[in-house]
Amino acid sequence: MEAIVEAHNLFKYFYKRKQRTVIRACDNISLSIPKGKTLGLVGESGCGKTTVGRMLIKVLEPDSGTIVFNKMDLTKLRESQIRPLRQYFQMIFQDSKSAFNPSMRVYDTLKESVRLYGDIKGKELRNEILYYLSRVNLHREMLTHFVGNLSGGELKRLEIARVLAVHPEFIIADEPLPLLDMSIQSQIVNLLLQVQMEENTSFLFISHDLRMVRMLSHMVAVMYSGKIVELASKALITENPLHPYTAYLWSPKSQDFYVRFFESGCIYKNSCRLFHKKGFPLVCSERQPALLEYEKGHFAACHFAHQAERAGVRKWITEVF
Amino acid sequence: MMRFVRIFFKEVFNMALLIVGVTALLYLLFNLMPGFFPGKGQGVIEYLRLLKKLFTFQFGTSIISGRDINSIVFPAFRNTLILTIGSIFLSILISVPIGIFSAYRGFKTYSWPLVIFSYIMSSIPVFYFGYLVLYVISRYTGFLPIYYPQGVERGNPVVSYVLPILVLGFGNESISEIVRLIANELERVMHTDYVIASKAMGESVLWSSVNEGIMIPLVSIVFSKIPFIIGGAVIVEHVFNWPGMGRLAFQATLDRDLPVLIVIAFLAVLCVRVGMILKEILLSYINPIEK
Amino acid sequence: MSRLAELKDLKVYFYDQRDKRFIRAVENVGFAIEEGSVLGVVGESGCGKTVTALATMGLIEAEPGIIGGRFFFKAPQEDVKLIEDYLFRNTWMTTGENSTRLYNLFCGLDQYVNFEENPFTIIKDSEKWLRRSNRIMEHIRGKNISMIFQNPGRSLNPFITVGHQLERTIGRFNPDRSSHEIHEMAAQWLRSVRLYRPETVMSMYPRSLSVGMAQRVIIAIALCSNPRLLIADEPTIGLDTTNIYKIIELLETLRAEMNLTLVLISHNIRIVSTIANDIIVMYAGIVVECGVRKDVIRGRFGAKHPYGAKHPYTEALVSSIPSDSDIRKGKKLKEIPGSVRNNKREMNCCPFLERCSYAVGKIRKLCESHCPELVEVSPQHFVRCYLYYS
Amino acid sequence: MKRFYFEKEKPNIEYFHVPLSKRASVRDVVSIGFGLFVVSYLFVFFGISVTGTFIKDPMEVNIGAMFLSPSLEHLFGTDFLGRDIFSRIVKGTEAFFIPGLISISVSTTFGLLFGIISGFYPKYFAKIIFFFLNIIDSIPRIIFILIIIVLFNPSIYLIMTFVGISSIPKIASYIKSKVEVLKNQHSIEAARALGLSQWAIIFKHIIWLSTKPVLIIRATLGMGESILIETSLSYLGIGVQEPTPSWGNMVAMGKDFFFQGKIWLSTIPAGVILFTIMGLYLLGDGLNSIYNEKVSR
């Protein structure tokens, strides 16, 4: 199936004037999200996954690299040309309380997004808004509420309703789950799955929790400080992860190295269990492993990926509880 | 420590630039007047000579009234400085306790008369309040000298400072502003997470919320009120017939004496900019978060 | 083990200015904590678990606040002289073994509060009560009980450096030390919290700390006065999964080292069940189930209850978190329909009525009539549901 | 002090929104009420003085009726020339009403313009704009006015435009801080991601919803300040000249008779000034505490 969004070797460096350091937010990132499928982006906080999300949606300008959306190269277009296209890719923000204008009521926020791309008036507009509210099973009474006195779960659902009202084809969910309770998280996950089934929209689900991403997405990309270290389908990621970092993400209990400082060679080597187990092999600390395809549709960026089974990477996924 | 020095130099450069700007503005305004300013070389050379005169503090003689500006302006400047600083301290002394009390107590039992008092005080017109105080003092007590002891018998000038400082301290509208700002800020800060967390650690609420709740609003409002207080001084000096810079300015406007006015404006701007520098340094000391 | 603290039927009400109506935040919640054990309090957001923690610490300022209840705490002798010389002599409770005294920190509450039923009026002089409880709790707060709050980023004073804040707390609790010693103790505390470069961390401002590091610093600050009881309110919300396990491990090792009792409050029952000895499940301000961890999670299969005695809410909570196996099988997440209804005072049906999957047929009439009582299903395991009424 | 809470029987409709009327505490309601009362009687006075219906001729000298105490015929009594004080006060509002409005409109429009430009483009425009605004801001306002009086010998209207210009920096910095708060609050980023055009975001989200309250509050306080300035200028004798009545020069005229015991000659106008300025300040304060969302537990 042809990909709806493709990104080819994106680079984005942030320069910190104070400490004069360069933060490599995105280092040669290339993704492709097929139509109607979900790509999960997993990584610890501060590994640049939010910048990837923001760049795909042209809120942030990449230093170099191209973004292709429906066979249209976005990096070339100017802002005025992109605006009509914005209807097709939307974003759900992490802190939903600050994504709304505090002095607007729920009715006005939804009215604003419904009328954005379709000129609907009066009665029909009201039905449309009520339809979207019932779509994310919010109570009719919420219409007159200010955004201030809604609870966390309701705010997130309202944000989803606002995004759906614009009929997008591609939605980026930037860490929607961490601040919510478990039961509300499962409600949101089921809602997203239902939306995908009905409207065949494709998702980029950014999170730090490998379990929820595994639940939702078809393809999973694991990111570590600006680089994609592993890219595989949902089943393969948990069955036999090639990169030790994925195993560490899945069951963090089994890992106790957490000292991370940056040098040449593989970025993950300092807290990589394989590196310590194999007696600090030179190849790891010299050469930066590239993202190679070791199996059909299974990419990994580790020198020892080809002999991962023998190295027993899969054994580390012990039952956590 | 390095941070303060860097900020200081940045601000001094800023101040120099601003003062040049102010003098440029004044010079432009004066040139609008048809032929008033008897500049021989028109335009920039004249302006540079004016700048040199201003920055080296010898103001020469005023062309209109022929008086030597230096001898008039400096004592007046000293008096107004004392008056301004005294009244700033007085208004801080009055309004900070009221602000803290009304934030701490909430607008409940005892605090609302104090807040109403601070509102009345700051909206009384300064000139009337001066006369009222004069009338009351002279009518019933009579121990405070009403007029600044002119000429020979100096008397003790300190006592005669008390009355104008009292009036300007109460009269200028900064009291209600400070009370309102501190009450709102403290109210907000006392319910933030880190103050409740420190209260759970056993620390007193006021101690942990003093940085953001009181110091920042106080410093930012007091130092930005200096121009208004200097303005207020003009009126108080007129009421008390007090030989300050304000009265001098007023006299100068009556007999259209422009050079004196330029000098007074220049000194006032100098005062305000020094205040701004102090404010920047204090704020950067209290609030370490680099924007 | 002797009992460290016991809370008896705490009642906390808030008054809603907008609707002129009472909100029942917490209704007769009670639990007992053994010395050195870990108590897990689980419940969705907005079910009153944070209010209970704040009430025990005396940090509730909202009107009218605490209405009823007694909180016994084994405070050391010198901290409690204030309670003894007050008029309320006989307010302590003695426990079995060495009859140590547990002092009631809410003593004198009923003197300030009285309420009538029919128009349901509460008359409380909250100003005097706040002043009094502050005076009592000053000795207890920070020294004997300390608390960790929800989001670590906002619990540190952003205007002073981390080291300064830690030293200030340490300095307050052992005043006789010199500043150099205090600095050394602060560095030692940071090392004990697994922060390996204490000097650089101490010189940083809270804004430049990462979430995990901020949480560790807060734990260090909370423990530097080596309290007897540590209340951790949602320590793991907002953290990455890797950080969550590290923080939980850290809490467990510190508790073992310092023989500290821990009250862990969280919305995720899986995390709580990893280290808690006994668990309390709260819903809409009411304790719905309390008991030992094994019973609450699995529910003992007694004769009377073939499929294990568990409150439907607890069952839903446990099943809503996917275990590894059913993630692999890709099962659909089981969610609890609907959301927590704000608990006005007057409704007296079972709070979990609309969302309960068992409330059908004959039992529903019982559930709708009035709120069930806590029934002892098996030794030390109480459930508040009509399913288990014998 | 005992506190009584009781629960009125309310219909069981669950509504949670916070209408503006519900959000105000007792203190805000009182201050806004008082403020609105003051603003309304200002309009009434202005209306009367323009149409000149109820009041007597404020200039008409009547030597026979000097220093009359307040009576039905002369509401506030008469001054040393026998002119009716009440009608002079009513006429006095005309001196500062229109100039006040001019100064507010000047300061709010330019303040909004500069505030938004420097809020949105922090690096380039903000530095330039705030350089010039700082120049105006650092000259004390009354000295600035004295200079202008010496130069142009202006009427009260021109003075008030300069007063408006001199209060632009304050409003611009308030609006800039408000825009910055909004910017790092994601709400503008979300709107742009949604697809709203740049101008729609600026006009609807920023101007209409967020900065409108700030402008209204600054306008009321600005009106209070312009009254204070106009009265003190006319007190000094350089604002409105003697025969035309203004509150300032009424106080000035009254002060000579202060020590003869007739203090009410200058007390009445001063009291009216106090009443008006306090009303405007309270109005600004009440609106301020309503508009910034209080964190309700």
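List of remarks:
Chains: A, B, C and D, in written order; residue numbering restarts at 1 for each.
Methods note: contacts are C-beta pairs under 8 Å (C-beta built on N, C-alpha and C of every residue); 3 or more make two chains touch, one makes a residue touch a chain.
Just so you know, these numbers come straight off a predicted model, no measurement behind them.
Any chain bridging chain C and chain D, meaning touching each of them, is among A, B; the list is complete. Two chain pairs, B-D and A-D, are weighed by contacting C-beta pairs, with B-D ahead. Chain centres here are Cα averages; for chain B and chain D they lie 22 Å apart. A straight line joining the Cα centres of chain B and chain C is 52 Å long.
Distance between chain A and chain B, defined via averaged C-alpha coordinates, is recorded as 55 Å.
For chain B, the set of residues that touch two or more other chains comprises 109. Touching two or more other chains at once is no residue of chain A. Those residues of chain C in touch with two or more other chains are numbered 127. Within the complex, the chain C residues that touch chain B are 57, 59, 127, 138, 141-143, 146-147, 149-151, 154-161, 168-169, 172, 205, 207, 218, 221-222, 225. Listed in rising order, the residues of chain C touching chain A in the complex are 44-46, 196, 210-211, 237-242, 245-246, 249, 267-270, 273-274, 316-317, 320-324, 327-328, 330, 332-336, 339-340. Chain B contributes residues 17-18, 21-22, 25-26, 29-30, 32-33, 107, 109, 112, 119-120, 122-128, 131, 135, 138, 173, 176, 180, 184, 188, 191, 227-228, 230-231, 234-235, 238, 246, 249-250, 252-253, 256, 258, 261, 264-265, 268-269, 272-273, 276 to its touches with chain D in the complex. Taken together, the chain B residues at the contact with chain C in this complex read 108-109, 192-194, 196-203, 208, 211-212, 286-289. On the chain D side of its complex with chain A, the touching residues are 14-18, 185-187, 189-198, 204-205, 209-210, 293, 296.
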